[in-house]
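By written order: A, B, C and D. Residues from 1 in each chain.
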Amino acid sequence: MNKVVKNANEAIEGIRDNATIMFGGFGLCGIPENCLKALAETKIKGLTCISNNAGIDDFGLGVLLRKHQMKKMIASYVGENKEFERQLLSGELEVELIPQGTLAERIRAGGAGIPAFFVPAGYGTEVQGDKEVREFNGKMHLLEKGLTADFAIVKAKTGDTHGNLIYNKTAYNFNGVIATAGRITIAEVEELVPFGTLDPNHIHTPGIFVQRIFQGTNYEKRIEFATTRDK
Amino acid sequence: MALDKHGIAKRIARELKDGFYVNLGIGIPTLTANYIPEGMEVILQSENGLLGIGPFPTKDEIDPDLINAGKQTITAIPGAAFFDSSNSFGMIRGGHIDLTVLGAFEVSQEGDIASWKIPGKLVKGMGGAMDLVASARNIIVATTHTDKDGKSKLIKKCTLPLTGVKCVKRVITDLAVVDIVPGGFKLVERAPGVSVEEIKDATEGILIIEGDIPEMKI
Amino acid sequence: MNKVVKNANEAIEGIRDNATIMFGGFGLCGIPENCLKALAETKIKGLTCISNNAGIDDFGLGVLLRKHQMKKMIASYVGENKEFERQLLSGELEVELIPQGTLAERIRAGGAGIPAFFVPAGYGTEVQGDKEVREFNGKMHLLEKGLTADFAIVKAKTGDTHGNLIYNKTAYNFNGVIATAGRITIAEVEELVPFGTLDPNHIHTPGIFVQRIFQGTNYEKRIEFATTRDK
Amino acid sequence: MALDKHGIAKRIARELKDGFYVNLGIGIPTLTANYIPEGMEVILQSENGLLGIGPFPTKDEIDPDLINAGKQTITAIPGAAFFDSSNSFGMIRGGHIDLTVLGAFEVSQEGDIASWKIPGKLVKGMGGAMDLVASARNIIVATTHTDKDGKSKLIKKCTLPLTGVKCVKRVITDLAVVDIVPGGFKLVERAPGVSVEEIKDATEGILIIEGDIPEMKI
């Protein structure tokens, strides 16, 4: 078993034009910084990106946007990004907005082999579109489909050489489900340890879901809204 | 006199009960955290994956791996738990949250809410709002009664794209507390010093007024 | 917030005849021994029990069976229990058998507000019955419903006074999903600690799902098949 | 000569590849764990919630909180992970398991399998077998070619209640390796010393024989 790759460049090997890629993270919290940077340094284009957010103008997925590598974005919230707005209004970028819980569940379902399921979110709104509507327990629901991707890229605090992952605090977020839904799942971690080091009770993502893993470098961990109180 | 943001937040706080798990939306709802009564334990959920939001961090405590659904840096209280986004919305969709408070552009007298999109202006996305309003057992909207131009936000039918239908149970504004009941908005309380007439004028939807309307206690 | 109860008797208060109860555990591993014993000491009857297994003749759910407190059993595997066989053949007990993964997912769905979802398991078998069949990605699937219960009873290794739970090894099993699916969820733990003691990154079941918690006593932890190797 | 259980398990082991995640059913399949080639890393999954089954414990190591899906006490290898049953079947249903090996009462030439119920006798339940056969990408059945009474288990149509339809890809028996192909069972290998004729006699379904059939290497 050899899942360990040297760095982000090796990790993203095989990603081609028009690939569909999921990215873990919520806002800028828990995003795979190294892989995003490596992707932005390639000429790969036409990407369909699935992520809760679209980054900010000069960080996270925003960099792929600025370099026009993205054809379509599937997300739940895309504020905080002027270039995104510009490309959307000019028709350069296709966007599909999905309620956050439905997005998380569609990704989990994709990873867990559930092709479709019913949720109440979005009933009677634009999100309904031509989705099948059905009543359960006196409440209307929409049929939503499982979602998978060619590649899923996540970021964890710690990982082992078998691909077992442990996230830190709210950097867990979408990383947990996204790790399960890639045909190839890439994990970058702050600390890579030999297998057998982690407590098997504390694993968030079992290694079966991860095909490539490496220890990232130079994490910036930018903060979108630093809010503080006085001591 | 109309309440300010903090006044609204104080009135929202009176909806809390000991042991409640609560999701507070961005804006006025978030302020409610400052007015949880002494001795009452209320646990705040953050959609991105935290039960037990604490106060904002001091400058030294800031942790980029610890943010709320509004992407602000926060802290976690003792007894907190982290989890992934699908489990987070499992809690929400499964009806485990006791109270959800969120802002709105418009609320209709049928309980519809519009809060995520103003066509022609930038679409930022619905985030978790559609999941919250479709799922929570108890949804309160916190908002000013009218917008900046004096136009009522409590209306017969929403004009903006909806976030959810027939889901809002109660609206708490700078002028009043109203419940959504069959037939319209039922006036429950007045802000201190605000007359029933003022509230009626500020409400485009049908306002049901029965008997004496007490002043809010905040 | 006061979730801590004194003992199993206090924990099961409010359970009435004909209630539906889910029990965590797999075989005899990770079962809520204290609550099971307390229930067997009551006169409550007509129970519908949902659990992966039905215990053995004189331990676990088997005890409720022997005392004729059970009307119906929903499970995936009910071997290892002669009294079960007898009651089933005599028509005293109603039984619904569900594929194990479908059972786990139906319980998760119930807890997560998903009223129905599609899975491939059981297509073309007795399990199909009159369930809706639909093809996704060239494969046939059955529509399965979310499952909840009046009470859910789980067993964890450690819990805190806010109801946060951590399971041990394979005693995690069905406990994790069942904790989410009770209108009232009862947790018995080997060790009850003050809230704030557990690492928030290690919580398996966040306290929001748990309404009552207590520290159990005298755990027998019986083993069904002790298999060993020589040193 | 027909293989014994261990022989079948040894032949199954030749289906393994380095880095495979494998689910081994109760009985003969479980024995395969003893024959994983030296230097090859294969990780065994247990449906109840473990990746990384280790050898049976010594008497001193027995832990009631650590069992396999057959409820036997086991150990966990370094690098193991525990998880709940819904995540466990997420792995299975999501196609993350590279190989599933399980026993059967009957296999049909269309790839149907019957393995969980014999009407009239006690119904024990399907456990995780239906999920496994409906979900895995690569399903091998390990069984004796005939039952105790000499009746073939590789048949045209299953007579017992099905576990899954058109899902088995390969059958490894004490006599042969056969693949399910359009039109029947395709003979791939013979057990050492077993003739094609013997296999044909023991197979009730259509046996497709093309060219020379090599002996198994075990």
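Just so it is clear, contacts are C-beta pairs under 8 Å (C-beta built on N, C-alpha and C of every residue); 3 or more make two chains touch, one makes a residue touch a chain.
Quantities reported herein were computed from a predicted structural model and do not represent experimental measurements.
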Where subunit A and subunit B overlap in contact partners, by chain label: C
Pair exhibiting more inter-chain C-beta contacts, A-D or C-D: C-D
Rounded Å distance, subunit B centre to subunit D centre (Cα mean): 55
Interchain centroid distance [CA atoms averaged], subunit B/subunit C, Å: 36
Between subunit C and subunit D, centroid-to-centroid distance (C-alpha), Å: 28
Residue numbers of subunit B (touch at least two other chains): 76, 82-83, 86-87, 89, 92-93, 135
Shared interface positions of subunit C, touching two or more other chains: 105, 108, 112-114, 119-120, 167-169, 172, 200-201
Contact graph of the chains (line, ring, star, complete, other): other
Those chain pairs that satisfy the touch definition: A-B, A-C, A-D, B-C, C-D
Sites on subunit D touched by subunit A in the complex: 18-19, 21, 41, 43, 45, 51-52, 76, 78-83, 86-87, 89-97, 135
Subunit A to subunit B touching residues, read off their complex: 26-30, 52, 75-80, 85, 88, 95, 97, 99-102, 104-105, 107-108, 119-127, 157, 167-177, 204, 221-231
Interfacial residue positions of subunit C with respect to subunit B in the complex: 1-3, 108, 110-114, 160-162, 164, 180, 195-196, 200-201, 203, 206-209
Touching residues on subunit A, where the partner in the complex is subunit C: 105, 109, 112-120, 134, 136-137, 139, 141, 166-169, 172, 200-202
Subunit B residues touching subunit A - in the complex, by the definition given at the top: 46-50, 55-59, 61-74, 76, 82-89, 92-93, 112, 117, 122-131, 134-135, 161-165
